[in-house]
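Down below are the structures I want you to see.
Same chain, two partners: chain A is paired with chain B first, then with chain C.
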Partner chain A sequence: MFLLRKLASAILTIFVISALGFFIFRAMPGDPERMLIGAAQGITPELLAQIRARWGLDAPLFPDQFLSYILSLARGDFGYSFKFRGETVLGVIGPRMMPTLLFVGTAQVIAMVVGLWIGSRAGWRQGSILDRFGSSLALAAYGMPTFWLGMLLLIVFAAWLSWFPVTGLANIEQTNNFQQWLGIAWRSVLPIATLAIAQTGQYVLLMRAAVVEVSKEDFVTTARAKGIGSNAVLRRHVTPNARLPIVTLISLNVGFILAGAITVETVFSWPGLGLLTVEAMRARDYPVMQALFLIFAVSIVLANLVADLLYARLDPRVSR
Partner chain B sequence: MICLMELGLGRIIAALVLGAVIVAALVPTALVGPLENIVTATGAPMSPPSAAHWLGTDEVGRDVLNLTVHSARITMLVALFASSLSMALGTAFGVIAGYARGTTDALMMRVADFFLVLPAFVLALVLAPLAIEMGGAQGTIMGLRPTLMVTVIVIGITSWAGTARIVRSQTLSLRSRPFVDRARVIGASHGRIICRHILPNLISLIVANTILTIVAAIWIETALSFVGLGDPFQPSWGTMLFYAQQAGSAGAGAWWYVVTPGFAIVLVVVSLYSLSHAGPVARRRKTT
Partner chain C sequence: MNPHIYQFAIAGEIMGTFYEALVGKDLNGKPTNTALAESWVASDDGLTWTVKLKPQLKWADGSRLTAADVVASWKFLMGSKAAGVALNSTAIVDGVVKSISAIDDNTIQIATAYPTQSILNRIAILPQKVWGNIGYDKVTDFQNPAPIVGSGPFTLTNWTRGQSVTLERNPYYRGPGPFLKEVRLLHFSNPDAAVQALRSGEIDYMTDVPINQVKALGEVPNIVAKPFQSYRTVYLGFNTSTGKGAGSTPALADPAFRDALSYAVDKQALVARVLQGYGTPATSMLVPAYGALYPDISDIVHPFDLALAKKKLAAAGYVDSNGNGLIEDKQGHDIHLRLYIPDVETTYPAIAQFLTAWFRQVGVEITTTVVSEASLLSNVADPAKGGGNYDMLIWFWEAAEPTFPLSVFQTSQIGGLNWSFWSDPKYDRMYEDLRRTLSVEKSAEIAEKMVRKLYTEGPYIALYYPATLHAYRTDRISGWPDSPVPPLMTGIFPNPTVTKLKVKQ
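And then the complex of A and B:
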């Protein structure tokens, strides 16, 4: 029942977002037909009418055009890109998917493992050296714009130390041997480190606050009084309860993670969805922007759904 | 740093930093002279810090210190306007939903949940060029050029939902307190109860939340400017970083151009954070 309710609300949200996408992009300046034809001369009204009929633009915006939009979305048809003439939006977006997933995924895993560990230790022993250094560094990492951190790392490790090349991976698809893969892995160290450090800061601060909160609870005192070792109390009694607020906060922060990824990809010319978003925005490539908007929005909705389900699993009281 | 904050020194430093930034935002010309442009640039392109240019110059020879001080005004103005809009929307929405309860509340919170899920930055990326193309780019509105007003509105309408949630839950608990019942019994209208009894009790919550909203607004403004949606005639710190990126200054090792505006952002954000932590502590001392 709980699961069904969450699922239904996620589907409803995705539908409303799709509708929002439709109306935002219909409001874009420039008629669709002018965008399609370009500045071609000698378009007679009859030809224009023919084109409008062919693309279904003579039908009423609602419900006809809206319905055909929803139907094509359901088929995974996002139309054609303006910037990359002749290519479908999916064809433009597809190859950009994997680099972003790799990039954001690796950074998240690193940030979660490191950040939650430091955060729980820092919260458990407040005022310790780890807490003072960890919390201060975390606040600094959390407070700085993620892309700026990337630029700083570029200055230190690419410009000064020359450990890394200045440019990103321009041709990720044309790799087939081990040597090239190694080169790509090496080049991806800085962008991944940037996103991971910024996210680690966030996890340290959240986990520290959660652990501090939980360690005031009576059951922690009881566990201590039973004579359980400090580490075991942290591991078995505090951490499982501290995880709960973390799950919610992380799901609310997916939008920020995305914003960080988009700007960091720009800094390192990482050929992913984020760089594509910025390129499409600059070229006013509305179909690509529309598809990216939907992809990002849907991924946030899905992340929230996963968080809800995870929460219900971690805390059985919720689903009752 | 954390232990300094406990001593209160952190808060004093934070207040000093913010004071300096506000002075820079109010009278930039008195501090560093008028905003330099390509014609009035005073130095050689991309020169490192020297006696004449304490923080070096950018790719067309403008003084980085001059740009940074002038950018304070735009960053702070955009953040202030955007967070005011966001707080006004969020508070109004939250109070009405929490006060009305029932179906109205449920429906309004569904709308808020929807905005909470919306990727604010991506939506802003989509809306900003649209709004800039539809509106003119001439003149100024409240001291900001239209492109920046667009940024303000976009940040405002994408970031109010969190505030609405917090304000609503506090309103729900306030509404069931005896003083609200007493006010109703002596015949106070809904408007009077909200304005005279509920809103004053929300003030501390709203102030603490405003600080966090300002931080969020600074971040979104910086990120939007960084991808090129800023205004070249009214630069912000994000716009400076955009030009630094365009000129390839990170790869060229021009650290002065990259470090300065970013450091200003970090100083402001961390200062705001330490002040927001100071809020609840100060209140607790006052009541006991």
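And then the complex of A and C:
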């Protein structure tokens, strides 16, 4: 019952969002047909009219354009990109998916593992060297603008030390598969490091706070009084109880992951979904914007659904 | 990579390495026989051109390039007003070219409505086995996938949109050159990263160096970083329309009001403070790079003089009668102007700050809003169809073709490129005369008259001509030209320098 309720609300949310996405972007000032041409020489009304007709922009927004959008969406057809002149939206988004998932996913995993470990240790031994160093570094990382951090890493490790290339994925010598993979891995290091450092901060801070909170509970005192070793108390009694807020953070992060990748992708000219979002916005590429909006929304809704289900497992009281 | 339509000028630049026009151009804009034509001769009345192609021309796939390809490329533009707006634009031939025909495989005859030569070096000649079957309804979204077969020194072999372009030597190019086997163009979404890539030697050349990095970059051994001339004018435009879509005050439509405001703009200070000296104060949309067509109007150029601006405003009937520090328009309302600037340049907000301070001192308040390019483009659309509703904007024009910035202010361009909605039948006639003039002296004379008219009527205030900042490495590549024009992305079609670059031994 609980599962069904959650699932139904998720599906409804996604439907409302996809309808909303249609109107929000069209409410933004600016016409795609002007952006398609740029400020080119000799724009003629005939050409503008032809482009409008060609892209279906001459039909009334409601119901014609809206209905055809919803109907194609129901068939899994996202339409054709304006900016990319008739390439299918999926064809535009597809190749941008892997770079983002690769770098955002890896960065998240690193941030989570490192952040949660430091956070729990720091919270458990308040005032220790690890706590003082870890917490202040985490605060600095959390407060640092990602753009600036990325630039800093780029200048130090790519320009000064020449450990990594400055040019992005586009400049890989494609002689064989192995070299290509090596090239991708090599070029991923700095973007991943940037996002990981920026994300680690908040995991440390939140985990530390949760552990501090839990360690004041009576059952912790009891556990200690029973003579259980300090590390075992942390592992068996404190950490499990500190999980709930962390699950919330992780599920919320999935949404920001994709959106937050925008700045990092811009710094490193990383051809992912973040950079594509910026390009599509600039060009008023409605179909691509709608699809990206939907992808971001669905990933947040799914993450929340997973979080809800996890909650129910971690704390059975939630599902009642 | 469609010469009929593209969004960014860089696409036109890149096409200049694999497509060619009939006649080439050198770095000074002078016609050369480096492109497809060996010779071009006008009839005595100047109305008919006979163009002879070089013998045995080939496309990059080895097939023959003949007069039929040339005729078809031109005829396509003549067939519909919706044929193209970019490199291959209907506007080039519309009302100019009466007919074009192939006399034999290597000879073409072009009849024009009036004597003109500027059409010969503008239209890209396209292989008809690729372009021949594309109709007008499909041409604006034709993808033109790689490998792109052209006749120029390079062939586009790989293109990842928004990321990179790979050009390889065209084995059938008639030479001399190109000497480079491959040229790769990379897009950096972050210009500072591009600077680092140039420093580390990962790239050999970059455009659009950030202003605050030029000096430091120029001091690096083996790197040349400096300003080059551009075709760009940055201007402050006014909405001069009076009907639907008019600005917030009727004063904007009064030439005397706009004229007075131009005394309150210190262009010298803008160049020094906003551009850090990399540019020159502007007088009109015509840039110094046009050479003979750059008019000298120094006799009427206004000085920067706030007191004089105030006096001129008062003389035109704009005074602060209620003592609140702001002058009122003739309807008795405080003049409070909305300035829109597109979010594409970091320099525009700085200009806006200076303008706000100066205008405030003559009693005009400015509120600046940074808007997206798309949003601003809807403001400059036809005021009768929902455009207008702005007071002032900061933007730029950029064109290698000298008549283009003058074409913008024709009445017929309202709803097109006439973003000030300014209209003057005398000006329109002068532009028609300019189009029909073959002699450079006569063209310069007409252009100067037009510029003087624009200057006194003031639909815009030309602020400055920004230099374009490029940098390149000299330790790996040689053959960079020493010229006021940028060394690789020259803005000239077809590209005159790419065949000269060599890898150093």
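For the reader, a short list of remarks on this structure follows.
One rule holds in what follows: the second predicted complex is superposed on the first by the 267 of 320 C-alpha atoms of A that agree within 3 Å, B and C clash if a C-alpha of one lies under 4 Å from a C-alpha of the other, contacts with A are read in each partner's own complex, and residues count from 1 in each chain.
Just so it is clear, a contact is a pair of C-beta atoms (placed from the backbone, for glycine too) under 8 Å apart; a residue touches a chain by one contact, two chains touch by 3 or more.
If you're wondering where the values come from, they're calculated on a predicted model, not measured in any experiment.
In the superposed pair of complexes, A:L154 makes contact with chain B and with chain C alike.
By the document's definition of touching, neither partner reaches A:L244: not chain B, not chain C. When both complexes are overlaid on chain A, the residue A:I110 reaches neither chain B nor chain C. In the superposition on chain A, A:G86 makes contact with chain C only, not with chain B.
When the shared chain is aligned, chain B comes close enough to touch A:A297, but chain C does not. When both complexes are overlaid on chain A, the residue A:T266 reaches chain B and chain C alike. Once chain A of one complex is fitted onto chain A of the other, the partner contacts of A:R282 extend to both chain B and chain C.
Once chain A of one complex is fitted onto chain A of the other, the partner contacts of A:S136 are limited to chain B, with no touch recorded for chain C. Shared contact residues of chain A, touching chain B in one structure and chain C in the other: 28-29, 151, 154-155, 158-159, 166-167, 266-267, 278, 281-282, 284. In the complex of the two chains, the chain A residues touching chain C come out as 28-32, 34-47, 49-51, 54, 83-87, 151, 154-155, 158-159, 162, 165-171, 265-269, 271, 275, 278-279, 281-284. Touching chain A in their complex are the following residues of chain B: 1-3, 113-114, 116-123, 125-127, 129-130, 133-134, 162, 219-220, 222-223, 226-229, 238, 241, 244-245, 248, 250-255, 258-259, 262, 265-266, 269-270, 273.
Residues 9, 13, 16-17, 24, 27-29, 127, 131-132, 135-136, 139-140, 143-145, 147-148, 151-152, 154-155, 158-160, 166-167, 252, 255-256, 258-259, 262-263, 266-267, 277-278, 281-282, 284, 289-290, 292-293, 296-297, 300-301, 304 of chain A are the ones that touch chain B when the two sit in their complex. Note for the complex: chain C touches chain A at residues 2, 5-9, 80-82, 84-86, 89-92, 94, 136-137, 140-143, 160-164, 184, 186-190, 192-194, 196-197, 199-200, 202-203, 371-379, 381, 397, 399, 401, 404, 407, 415-417.
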